[in-house]
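The structure appears right after this line, and notes come after that.
For clarity, chains are labelled A, B and C in written order, and residue numbers in each chain start from 1.
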Amino acid sequence: MSGKPTRLLRNLNAKIAAIPMILTTLVVFVGGTIWTVVYSFTDSKLLPRLRWAGLDQYERLWGTSRWLVSIENLLFYGVMSLIFTICMGFLLAVLMDQKVRHEDTFRTIMLYPFALSFIVTGLVWQWILNPQFGIQQIVRDWGWTSFTFDPLNNPDTVLYGLLIAGLWQGTGFVMCLMLAGLRGIDEDIWKAARVDGIPTWKTYVVIIIPMMRAVFVTTLVIIASGIIRLYDLVVAMTSGGPGGNASQVPAMYVYDYMFQAQNLGQGFAASTMMLLSVLIVLIPWAYLEFGGKKHG
Amino acid sequence: MADVTFAPSESPSAKAMAGPRGARPKRALSGRNIMLYGTLIVVCLYYLLPLWVMVMTSLKGMPEVRLGNIFAPPMEITFEPWVKAWSTACTGLNCDGLSRGFWNSVIITVPSVILSIAIASVNGYALINWRFKGSDIFFTILIFGSFIPYQIMLYPIVILLREMGLYGTLWGLVLVHSVFGMPILTLLFRNYFSSIPEELFKAARVDGAGFWGIYFRIMLPMSLPIFVVALILQVTGIWNDFLFGVVYTKPELYPMTVQLNNIVNSVQGVKEYNVNMAATLLTGLVPLIIYFVSGKLFVRGIAAGAVKG
Amino acid sequence: MTNSIEVKDLTLNFGSVSVLKNMNLDVQEGEFVVLLGPSGCGKSTLLNCLAGLLDITDGQIWIKGRNVTWSEPSERGIGMVFQSYALYPQMTVRGNLSFGLKNARMPKNEIDKRVARASEILQIQPLLDRKPGALSGGQRQRVAIGRALVRDVDVFLFDEPLSNLDAKLRSELRVEIKRLHSRLKNTMVYVTHDQIEALTLADRIAVMKGGVIQQLSDPQTIYNKPSNLFVAGFIGSPSMNFLSGRTVDGGKTFVFGDHRISLHGYDGGAVLERDQAILGVRPEHLTVSATEPAGPSIPAVVEIDEHLGADSLLWLKAGTKDMCVRVAVEGRLPSGTNVHLGLDIAKASLFDTKTEQRV
């Protein structure tokens, strides 16, 4: 074995090549996060200031109705989104798993929204939901003159409007994940169930779904971490309104305070809260997946 | 025991082929098929609706749009909204249409894609074939990092870019995109390279090839499919980005998505819906084309990006 | 004896590819039939057709006197054991065994009775509350057999059940399956590509190739009197030695190169004069001697010997033809030795080259 001094030089090329990753990891992800969290305990306004302010920012944060509304909105949107995307995605995957003809065509159609920007999605649906020219008007023209379908202009229903667009974009992707999971199931299980006389629906519910636990969990985590970042869609569809606040989301709160209202401290505190919520989802999942295994 | 011979009363010819024979009768229009294909078709209508509306509206003149019925095809097809969206739409600052945003997006996307893929592929390669102490830890942190909401890293990056003199420039944005693209891409490449048989690698080392030699002469030529997948993932992701575009550039340098939002949402006065839809369509065109052309590879890319850990 | 299974003119096409061609097969009650052949020969396909898991293109399937051609698998009175066990992973062993019965709304005490009986026969009582993930390969296979047992059917179908096990487990479970058959006396149809399983387990073997049954007989007949060249070469390891030549003298003599071999004592049909014939002799039916023996023989040169432990294999060259002989360990000879190979014609097989059939 070569002596100790050369151990650092071993795999030197590899280490040099990996430096970008190490740098980024440390500086941006770890360093950046820590920096923001630390500064959330200061009273920074226009510029970051290292003046200790304790939990002031957080007190203000949780005392602001705008923040509270954004949290409520995100929770509602998140839960509904999760339930519907996973249910719809799974059902669509089951349908596609029935040896349909032209499967590729169907899948192409269901997945293309995923390739679009949230801005594009938001603007198109904003147009479709337009009360003057969109669906509401069309149904009225068909005779139902008192038909109302104007979710985006009503603070109580605006989130449903967002959901329609969000589901449209994301369900196809979940369908693909679920379909891949379904296809990974050993074909012999299906045969055994058939020989046992188990009807198809029961096989799905009692045997297949439990077998797909890992796929469901992974999908859940991916969707959840994406929902927390909800921003572009809201900007495009409602700009946070109607009435300025009805469809606020945390990501919007962060951006507005950080870059528009010149209140960095609030922005830092808000983004730290966002981080916390992600960790609440991530850490139990990571523990379940990797619990006990050592890293590195 | 000898071969079985049949007693005359049991010979197949005596017991004529009574009862069902051959394939089970299948009616194409069975109840099951109707429900199955019916549901799928209805679902597809839901998915195709916005695309249809977008295209139809963008091909109509404003008077026709005001008549209502967004589902109806134009009575008179006109490409004027498209031209307007591209070259004369106003964003509040200037009135040279989406073309500016388009080229900005191109300038942002191309270097970002090249940079992020180059770095991530080398990283993935180093992680799998040249493990060194701590490499797995770093990788895990990187993956965790990809889940962290961008918002928490927004401001520190602003500071960093300012120190480097890149804040507000296109190259600053390129750097940001490259950095944030690394976790998923590194995972992608790492997983792909781990499926290449280790014997190939060992044989090359026995032949005397070093780190870069193996990378360029062995790994790269074998990895064309995954490079395409990474390409699709990055181009779509970067082109569609909004948040970074709006935070890290100046208005003249806004990418297409930001411009689009400005054109549609912040214009006062008369709304030209057909121009808006044309602009929306144009912005979505690039990733859509990539999607339709690459089909299966795109699905593979999504699955790869999604299956983390 | 009645037939437990009757397959009549079974044809299966996948698109334009003909996988099973006009197949006829009868299995008697209580018989153990093995479908043996190389991969792609259609044996698993045939089994799946019997089970009702595949729709056939033409023909009929009768089980216990009922036409089940259009019946669902669960209505055919069959139980099936799969190569990958296919146990329901989220259920305990007890759950796996009782799931089908519960679905059929069977009363609880009947279910318990059947589960108890099956687990006693297969010795899996201590495993009843474990999940498949906590079982070894051999245990899982027993549970899979148990799942078929509780259905209380007459016909068991096995689709290469031992292929996923290592060699030692394979031979253990092979004996268990044979014991099971002699205890239960059910009809069993068993698919495998392993000759040893076939020869040891079967009452009759159906050797298949290209969707056609080449020979359907008991193991002894298949081994001693293979009906065609394919069966002769497929069964037996190391495989039969084939000498190409012709028959002359009204069929009394076989000419191989420059040598004349008397066919006196041949156990078969009318030899006749054929200008293209193949004489097949198994390695254990050849004798090696330094001097020319009394009976028919050909000269050969020793090339390699392989020591197998219990005995040895000698590889020789007769002219340009490679030959293999099984000898006792002491009978090993160094390379280059000239010897005479004595042929036991009574145990040999003669094939017509053109028809490939045994004469």
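Following the convention adopted for this analysis, a contact is a pair of C-beta atoms (placed from the backbone, for glycine too) under 8 Å apart; a residue touches a chain by one contact, two chains touch by 3 or more.
Please read all numbers here as calculations on a predicted model, not as lab measurements.
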Identity of the most central chain, Cα criterion: B
Greatest separation from chain C - chain, by CA centre: A
Between chain C and chain A, distance of the C-alpha-averaged centres to the nearest whole Å: 57
Distance between the centres, which are taken as Cα means, of chain C and chain B, whole angstrom: 52
Centre-of-Cα separation between chain B and chain A, whole angstrom: 16
Complex contact set, residues of chain B against chain C: 1-4, 6, 10, 12, 17-24
Complex contact set, residues of chain C against chain B: 3, 6, 8-9, 24, 26, 28, 55-60, 67, 69-70, 203-204, 216-218, 221
Residue ranges of chain A in contact with chain C within the complex: 186, 188-189, 191-192, 194-199, 202, 206-207, 210-211
Contact set on chain C toward chain A in their complex: 48, 51-53, 72-75, 78-80, 82-90, 99-100, 103-104, 147, 151
Chain B residues within the chain A interface of the complex: 36-37, 39-40, 43-44, 46-51, 53-54, 57, 65-66, 68-71, 119, 122-123, 125-127, 129-130, 132-142, 144-145, 147-157, 159-160, 179, 182, 186, 210-212, 236, 239-243, 247, 257, 260-261, 264-265, 273, 276-277, 280, 283-284, 287-288, 290-292, 295, 298-299, 302-303, 306-309
